[in-house]
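Just so it is clear, A, B, C and D label the chains in written order, and each chain counts residues from 1 on its own.
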Amino acid sequence: MINTFFYTLGQGVKNVFRNKWFTMASLATISACLFVFGIFVAVVFNVNHIVKTVEEGVSVTVYFNEDVEQERIDQIRELVTRRPEVYRCDFISADEAWAEFSKKLGENAEGFIENPLEGSENLQIYLNDVSKQGELVGYLETVEGIRKINKSELTANTLTGVKAVVTYVSVGMIGLLLAVSIFLISNTVTIGISVRKEEINIMKYVGATDFFVRAPFVFEGIIIGLIGSAIPVVVLYYLYNAAFAFLQSNFAFLNDFISYVPASDVFIYLAPASLLIGVGIGFFGSFFTVRKHLHV
Amino acid sequence: MINTFFYTLGQGVKNVFRNKWFTMASLATISACLFVFGIFVAVVFNVNHIVKTVEEGVSVTVYFNEDVEQERIDQIRELVTRRPEVYRCDFISADEAWAEFSKKLGENAEGFIENPLEGSENLQIYLNDVSKQGELVGYLETVEGIRKINKSELTANTLTGVKAVVTYVSVGMIGLLLAVSIFLISNTVTIGISVRKEEINIMKYVGATDFFVRAPFVFEGIIIGLIGSAIPVVVLYYLYNAAFAFLQSNFAFLNDFISYVPASDVFIYLAPASLLIGVGIGFFGSFFTVRKHLHV
Amino acid sequence: MAEQEKEKKKKSRKGGKDDSKYVIYLEGVNKAYSDANGVPALMDINLKIKRGEFVFIVGDSGSGKSTLIKLLLRELTADSGKVVVNDQDLTKMKHAQVAKFRRTLGVVFQDFRLLKDRNVYDNVAFAQRIVLKSEKEIRKNVPNMLSMVGLAGKYKAKPKQLSGGEQQRVALARALVNKPTILLADEPTGNLDPRNTNDIMKLLEKVNENGTTVVVVTHNRDIVNTMQKRVITLKQGVILSDEEKGAYIDD
Amino acid sequence: MAEQEKEKKKKSRKGGKDDSKYVIYLEGVNKAYSDANGVPALMDINLKIKRGEFVFIVGDSGSGKSTLIKLLLRELTADSGKVVVNDQDLTKMKHAQVAKFRRTLGVVFQDFRLLKDRNVYDNVAFAQRIVLKSEKEIRKNVPNMLSMVGLAGKYKAKPKQLSGGEQQRVALARALVNKPTILLADEPTGNLDPRNTNDIMKLLEKVNENGTTVVVVTHNRDIVNTMQKRVITLKQGVILSDEEKGAYIDD
């Protein structure tokens, strides 16, 4: 039995070299598919990250009644900060507000000599999830001492929409690529093994059990799957870091509002997923394809 | 000779049915690859279209010296409009400017009773290509009567950057998918024909010329390439229109600032490209693969 | 030895009184290929072969000899009738049992059926590996077997690098290496010169003397006429004659 | 007829005085397979076969008979020496000329080499198609040829659906259908019963009488001894004997 195990393993390894054509074709197919898959996963991760960053920049601004004291403002800030949907809450004094606003106005602000926004101290509330804006505003309306809640409904809705589209497209694309990859790889494995149908038949005619015939093919499949999925992961890792470095140095000004996901954060998911797909298809592909030819 | 031609053609068609396995595998591979390729081309077309739309919304604003007359303003407008990098040039009176600006300020504008932007009539200049902003500004600085040129360097640079990144990523992705598709399809064709190496050898041993052996395979390749590339084009066409309708009805608010490329504009490029790839690989793939086995 | 006895016991349990002394027992067997326009390849075949017999099957090209052999190893199943080999009813056999059954046979196929991408040694060793022999035994038995068929020097060659007759002898070596209880040989000397043919026939006789039931399909009149064994003649799917110490019948 | 004359003229132009009357002319031919540890398959072969001869090539399994046949159809090329067939020097032949040359031959391969996915008719018709015969002629010639080898009823069958002997006869039909100037048959009756073997041999004699040079590799002692033709005996890659009206040599 131990004997058979090592024989089987040995034959699996030998098969990899015996059928150079098939090995090359399968390796190439697996690598190519998982390479494309990996690139998309990386892009999707980053796009989602960027959307998330933008989302965190959307704020609700709260203005206070004229008679409200700083103490009450601090109290409100405290209350708001505690809410789960709130990511951060900043107090902006009237002077800070004007400084900020005049930046937005750009050269238009030159016309003003004194702060036109006197008495406009406010709270800038940043959310975890823009779609929760309505909820927060509902709460704020019950809080005493607030004169006005300034929310950008359009921005929030747009962002929610963009997020939804990005999510749809991301999930759709990754799902599609995954499906196509699995399909193409199985296809190649199936052809490759069908070519060896005769070999399988002969083994059966001579009296080999299904297990004995199949095991080397399954080992072969696993080996090819493992190598075929490891290659693109390694290549992608270096490529990712290179692209990262390239973007940061060549489009430096984008760094202000775009930050990239570090390689490790992507590959902690991508690497095991790729290996699982490669090895999984290698295993199941050869397992089921060989089975078709065993019944003689 | 005519005889041979029809025989060859007939054999090509028969081959398609004779090697059902190979035909199915090749068709599936071609279709799957070109399907993914097509989806990406469609997405890239739309992303580029959106970037273009956004680009056209970026403007340079020109303010005039206080003593400048309306006549001179019209003259300047005329001059500017003629420039090649200018897409559109609108005159905004002071009242219009304030109306517009107070919209931007949102509720902040409530504090103002009279137009604080008196004397700020201006020209809004929209460009064909944001990266030409610098050029335009250089020109405007030479024009008499202009007090101030209000350009958003940050926006222009950002957009130029985003455009560059989108272009890089688009071209990269499409190139990558194209290369991978061609590679995978050739791979399948190569395996499929190598399986029939023996058949090819026998024909040669019996005295068939290279042409006589090869022609049916080449026909077969072309037929499979044609069908395999037509399928995804048709499927994608319907899918595209469905996705289009879905996005427009479910994310209606996006329609304000996003418009999609109509199917016809995408498919006028995509359909011939796909067919060319399919038929091309069908032809060259079988041509060169058969050649390898002819020298016996 | 002990194993053989065990097997005998099993036999008497399973088989009926009548067929237990026969290692091959066919009763009213019919077989038609589905794609042969209903022309049957074998019709109403009744055949009993005792343990230890040496039987020639002869007949014209296309008379059904290979079809008969294929029925005996369950490559094909009969359309009707009873096929019992080594006390196993092949018409009722489940897929899982087939492998075990075939290991009791040694088969030389008319088209050799060697594993193309393995060399001569591995082709023969394969038969030993499926019965889970140890590597040590394999390293002893295989070279022995190869020298018996005169191929000791070719053990490293792949089938493609062998002459027709050499391939045929590899197929024979593979069939014999496990010392099967039944040897089915379909035209085992078709590609062999008279001298090699003689050597092979002597080998088969020796194998037969050691207890193996031997069934040989052949077209070689000389051999059949000189060896004086039982001869079954097929003609267009029916048994034309079945004679002890028979001769090749020319019509 | 006219074509034959033209060919004769070509011959006298191309070939030397000495070899022009020989359709097969081998001089000092050596051939060793690269993966056979340097053991040569053929050594210093000198062989002249005249137009219209009928020659048997015999010898032990592995003595180099098939190798010799493969040299004659340029499946293999000689390592050294001269191989002239149909006035073409095969050692110097360019790839583009090979197809045209092979069309003048008819070859029965030891392993048949039928096109697996075409039926019997198409396999035989293929040989006619490559010489650009019209469909009308093909529809007349192919059934004719098939009934000559006794396979008229099997024209629709695929090779897998044929018995060993039937496949062999399809291979022969394909080799003969173009009325080749030389027929090379490697073991054309290895899978045939004596009666079929006789029929085939008669057919080959008839073909020979019509002007085709016939070279047959065989192990069939009876046939060689009764037919009284030229016999070339190979042994371990060298020509052991070459006799007119020879017999099968047993050592």
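Throughout what follows, a contact is a pair of C-beta atoms (placed from the backbone, for glycine too) under 8 Å apart; a residue touches a chain by one contact, two chains touch by 3 or more.
Remember, predicted model here, so these are calculated numbers, not experimental data.
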Item to complete: Could you work out which chain's C-alpha centre is the most distant one from the centre of chain B?
Response: C
Worksheet item: Using the average of all C-alpha atoms in each chain as its centre, how far is it in Å between chain C and chain D?
Response: 32
Item to complete: Averaging only over C-alpha atoms, locate the centres of chain B and chain C and give their separation in whole Å.
Response: 67
Worksheet item: How many angstrom between the C-alpha centroids of chain B and chain A?
Response: 24
Discussion item. I need the residues of chain D touching at least two other chains; which ones are they?
Written reply: none
Fill in: Junction residues of chain A, two or more chains touched
none
Fill in: Arrangement of touching chains [line / ring / star / complete / other]
ring
Fill in: Pairwise chain contacts under the document criterion
A-B, A-C, B-D, C-D
Practice prompt. Give every residue of chain D touching chain C within the complex, in rising order.
Written response: 33, 35-36, 58-62, 65-66, 110-111, 157, 161-166, 168-169, 186-187, 190-197, 219, 221-222, 248, 250-251
Item to complete: Quick one: which bits of chain A touch chain B in the complex? Just the residue numbers, please.
Response: 21-22, 25, 28-29, 32-33, 35-36, 39, 43, 101, 106-108, 111-112, 116-117, 120, 148, 150, 152, 157-158, 161-162, 164-165, 169, 173, 176-177, 180, 183-184, 187-188, 190-192, 194-195, 247, 251, 253-254, 257
Fill in: Residues on chain D engaged by chain B in the complex (per definition of touch)
73, 75, 95-96, 98-103, 105, 107, 109, 113-117, 126-127, 129-132, 134-135, 174
Discussion item. If we count contacts the way the header does, which residues on chain B are in touch with chain D in the complex?
Written reply: 1, 3-4, 7, 18-19, 198-199, 202-210, 212, 295-296
